[in-house]
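Here chain A shows up in two complexes: once beside chain B, once beside chain C.
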Partner chain A sequence: MKTINLTEQSVRDLNQALHDQAIECTEREWEVLEPKGQHNIACGLDQNISVDIKGPTGYYCAGMNKKAHVTIHGNAGQGVAENMMSGTVRVKGDASQAAGATAHGGLLVIEGNAAARCGISMKGVDIVVKGNVGHMSCFMGQAGALVVCGDAGDALGDSLYETHIYVKGEVKSLGADCIQKEMREEHIEELTELLNRAGVDEDPTAFKRYGSARQLYNFKVDNTSAY
Partner chain B sequence: MCGIVGLYLKNRALESQLGALFEPMLIAMTDRGPDSAGFAIYGDEVADGSIKLTLRHADENYDWAALAEKAQSELNAGVEWFKNSKVAVFKLQTSAAIAEAFVKATAPEVLILSAGQSIEILKEVGLPENIADTFNLKEMKGSHIIGHTRMATESAVTMEGSHPFSTGMDLCLVHNGSLSNHNRLREELKREGIVFETENDSEVAAGYLTWRLQQGDSLNEALTNSLKDLDGFFTFTIGTRDGFAVLRDPIACKPAVMAETDDYVAMASEYQALTTLPGIENARIWEPEPATIYVWERSSH
Partner chain C sequence: MSEDIKVKDGLRESATFDRNTMTEIRRAAETGIYDIRGFGAKRKLPHFDDLLFLGASMSRYPLEGYREKCNTSVTLGTRYAKKPIVLDIPVTIAGMSFGALSANAKEALGRGASLMGTSTTTGDGGMTPEERGQSSKLVYQYLPSRYGMNPDDLRKADAIEVVLGQGAKPGGGGMLLGQKITDRVAKMRTLPMGVDQRSACRHPDWTGPDDLAIKIQELREITDWQVPIYIKVGATRTYYDVKLAVKAGADVIVVDGMQGGTAATQDVFIEHVGIPTLAAIPQAVRALQEMGMHRKVQLIVSGGIRNGADVAKCMALGADAVAIGTAALIALGCNHPMYDEEFKKIGSAAGFYDDYHEGKDPAGISTQDPELMKRLDPVDGGRRLANYLNVLTLEAQTLARACGKNDLRNLEPEDLVALTVESAAMANVPLAGTNWIPGKGY
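Moving on, here comes the complex of A and B:
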């Protein structure tokens, strides 16, 4: 295992060392000490490696992640795993706003709460949050799934496309064009698999499903007067 | 952008270290605001019936002693004062109105940065590190302190336009964000008798709170009303003589993180600014909820 202490080396040094692994993988296990809330830690990884970050991180941690498995042993700042393509990002604490924003693939697990705009414009990532999510979560969500084991804030799934949303607790309010939908067998299966992958012990039948009413897909001439 | 930080001590034994604890917090927010910085520190209170003014003159060699002497003879009131860089703190045994009127009439070129029994405001254009050095922040003592590192958007990079803003007794505010209805609101508040020194949007927020408090609102009520009347993006940290408050607008785009231990409550735009606080590893750390008022107040007055 390779250990990098961010009070001794810069984030740029760390990220370069991790990027070098994309060309030739010489070390599968990495440990990052004393991150102290710095931004852009472990961004742009492109190799099947595991990175354990021992403390709270700043903005965009594990952004653009591909293949790698990144664990944050603490809270994460804004935009954790933003634009992730594949791999896994796990936050042991809370995540600030815009967790998993625009992410195309992979799995993001947040063991605490996520703040506002969790999964905003998500494009295929699966996100599992053990706690609550803030307002405007899944705004313009296009693909993938958002699982919330706690409560969801205002305007969940506003302007939603085809992201599947599962919430166990209360939803404060649904956003425009987001509706509660029937939980069919295939959804129980999908949710069971998501919970298993995330290592979260919850009963899938206790969740409700939300999705797009598909009324905002196309411009309606009847709405012209609204502009 | 801009960075804001605040530290409110629950454990009075730490009051002698307030400046030393706070200095690295302010400097950590340099990336968010490199063009000017400032802070408002609370402590070293004057007695009831006395007033403390923070005064500033552009000339570092300004003759504060002469002004103090004049105040003593003209107001027939006790005056104590000390100088810190371009700023002087005057403690006068008279009312706020009399003291402020005297300064405005006798030395119109002198700017009043704050008035109250506890507050002192120190701010300048430049890097936070240099400003902390200039005023010897690390040696300062007090009960609570709030600070700001500025990246100007709505008005010019000047000392006057830097934060904190104080428009009422012992009240001050730092702001990360931008207000959209500040022009109209400034005109309305002027009609209510609130005086503004700049065209800055954040000063309007401070003025608004001063007005609400004058109307008899508690700090909590004033902040609740501000959610209705202020339009724009904001994370505010507010200092009063006994208290410390944090408020984010309902959209909550502007960041904020808080930490609390038995010894203190701390607020910062980013976690980076909290890492040097003692016991931060075991502090309760959370992101303040949108449109939710967080207030800590001492009940000693």
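Moving on, here comes the complex of A and C:
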């Protein structure tokens, strides 16, 4: 295991070292000490490596992650795992706004709560939050799944496309064009698989499903002369 | 209606409720939806035609027009990037998306730009292999929607342009209607086919300049500080926007005036939001000069650039380069009279067509229709664009030499005068034949 202490080396040094890992990685396991909330830690990774960050991180930790497995042993700042393509990011604490924003793939697990706009504009990532999510979560969600084991704030799934949303607790309000939908067998299966991948012990049948009513997909155009 | 008819019949058209206005009221009443169209502002605005160059005579010494050197190259991104972009000419191709444009059109833009040693730019929807393959210098746009946003493509780019706004619609997001969301476009954007796609107007994971500084640092980290990072703004509060963009860490600022084109947005947006390009440039330059960053953070200007005189005037006002969009499409064949009959069949006419969002472009440029797309040969289109870029450059050089300048970037406001009081005030140059700059006294 390679250890980098961010009080002794810079985030630039860390990221360059991680980016220098080719397919035949010389070091597959990395440990980052004393991150102290610095921004852009471990972003742009593109190899199958494991990075354990022992403390809180600032903005965009593990941003645009590809293949790597990043664990944050603390809270994560804004935009954790934003635009992730693949791999896994796990936050042991809480996550700030826009967790998993626009992410295209992979798995983001937040063991605490996630703030506003969790999964905003998500494009295929799967996000599992053991706690609550803030307002406007999954705004314009396009694909993938958002699982919330706690409660969801205002305007969940506003302007939703095709992301699947599962919430166990209360939803304060649904956003425009987001509706509750029937929980069929295939959804139970999908949710079970998501919970298993995230290592979260919850009963899938206790969740409700939400999705797009697809009423905003096209402009409504009248044609008065046709009547 | 001609003047003759008015006189003969005693008819008088209302200046307030003219026929265009009446047509729009009837259209709105019929459909219940605002007018969506492409192109840029069609109203008459103060523009570069309102400026003239003061060629050399007794008090200035001209350069020989055909023999003496006049440099056109410009280096962008010298502030932080390890690999700044060197352009052979100071005219770049503005961001236009695959989706709004056909793959052939994107390829043609790349070919034409590469022939002239300049850059082209992706758009909403990501980078296509055709575009990357044919563009020797490619700028990758980073937009609020993040459609097709991929770190591998990010690292393939020669520069990154963080788009905050667009001159045609500052404060608004992109729009691509269902007719153009084909299977390929849908897959690149992770959207269902056929939806009327309305992009967000704000970035999803940052708000404000302090956040943007961190976002820029993230992009630099991911690309190992190799490539320049541009910030593009629609021209509105340009002075403040440029200062904040510099503070946030931009290598290059792109200011897009309200004459800048779009593939689709509300007509009310195009015609009523933003400021003319002419008015924006001096604001941007003043902001850079006050920060001691003029020429250190390069300035690209776009919005209504048509000829070498426009290029030279932008540079005289302090730009380092210009970007063209609408003019580049016209060079490829957009609105060409050879398709006039077909334009008429879809309710338009050559020279007037702006319904890019409908995807029926007879010229095969702003369409995803496979049959229409074939009408634009990307090799021929690339040659036409290269020829046009060459003419822009030659014209700009001609004017610069006449002003005694051996580098386009040596042109200066002192070389210009204005024809109207309003253009003098906006451009901050004297009214022709006077020493008077409005607001500055004699």
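Convention: the second predicted complex is superposed on the first by the 218 of 227 C-alpha atoms of A that agree within 3 Å, B and C clash if a C-alpha of one lies under 4 Å from a C-alpha of the other, contacts with A are read in each partner's own complex, and residues count from 1 in each chain.
Please note the rule applied: contacts are C-beta pairs under 8 Å (C-beta built on N, C-alpha and C of every residue); 3 or more make two chains touch, one makes a residue touch a chain.
These numbers come from a predicted model, not from an experiment.
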Contacts of A:Thr163 with chain B and chain C, given as first, second, both or neither: neither
Touched partner set for A:Ser96, first chain B, second chain C, both or neither: first
Contacts of A:Ala115 with chain B and chain C, given as first, second, both or neither: first
First, second, both or neither for A:Thr88, with chain B first and chain C second: neither
Touched partner set for A:Pro56, first chain B, second chain C, both or neither: first
Chain C versus chain B, contacts on chain A by residue: C
First (chain B), second (chain C), both or neither touched by A:Asn132: neither
Touched partner set for A:Asn15, first chain B, second chain C, both or neither: second
Chain B versus chain C as contact partner of A:Thr71, first or second or both or neither: neither
Touching partner for A:Cys43 - first (chain B), second (chain C), both, neither: second
Contact residues common to both interfaces of chain A (with chain B and with chain C): 58-59, 78, 97
Touching residues on chain A, where the partner in the complex is chain B: 36-38, 56, 58-59, 75, 77-78, 93-94, 96-97, 115-116, 134-135
Chain B residues touching chain A - in the complex, by the definition given at the top: 251-253, 255, 257, 270-272, 274-275, 285-287, 289-290
Chain C-touching residues of chain A, taken from the complex the two chains share: 11-12, 15-16, 19, 39-40, 43-44, 46, 58-60, 63-64, 66, 78-79, 82-83, 85, 97-98, 101-102, 104, 117, 120-121, 123-124, 139-140, 142-143, 161-162, 217-225
Footprint of chain A on chain C - complex, ascending: 29-33, 145-146, 149-152, 154, 177-178, 189-192, 194-196, 200, 204-206, 211, 214-215, 217-218, 221-225
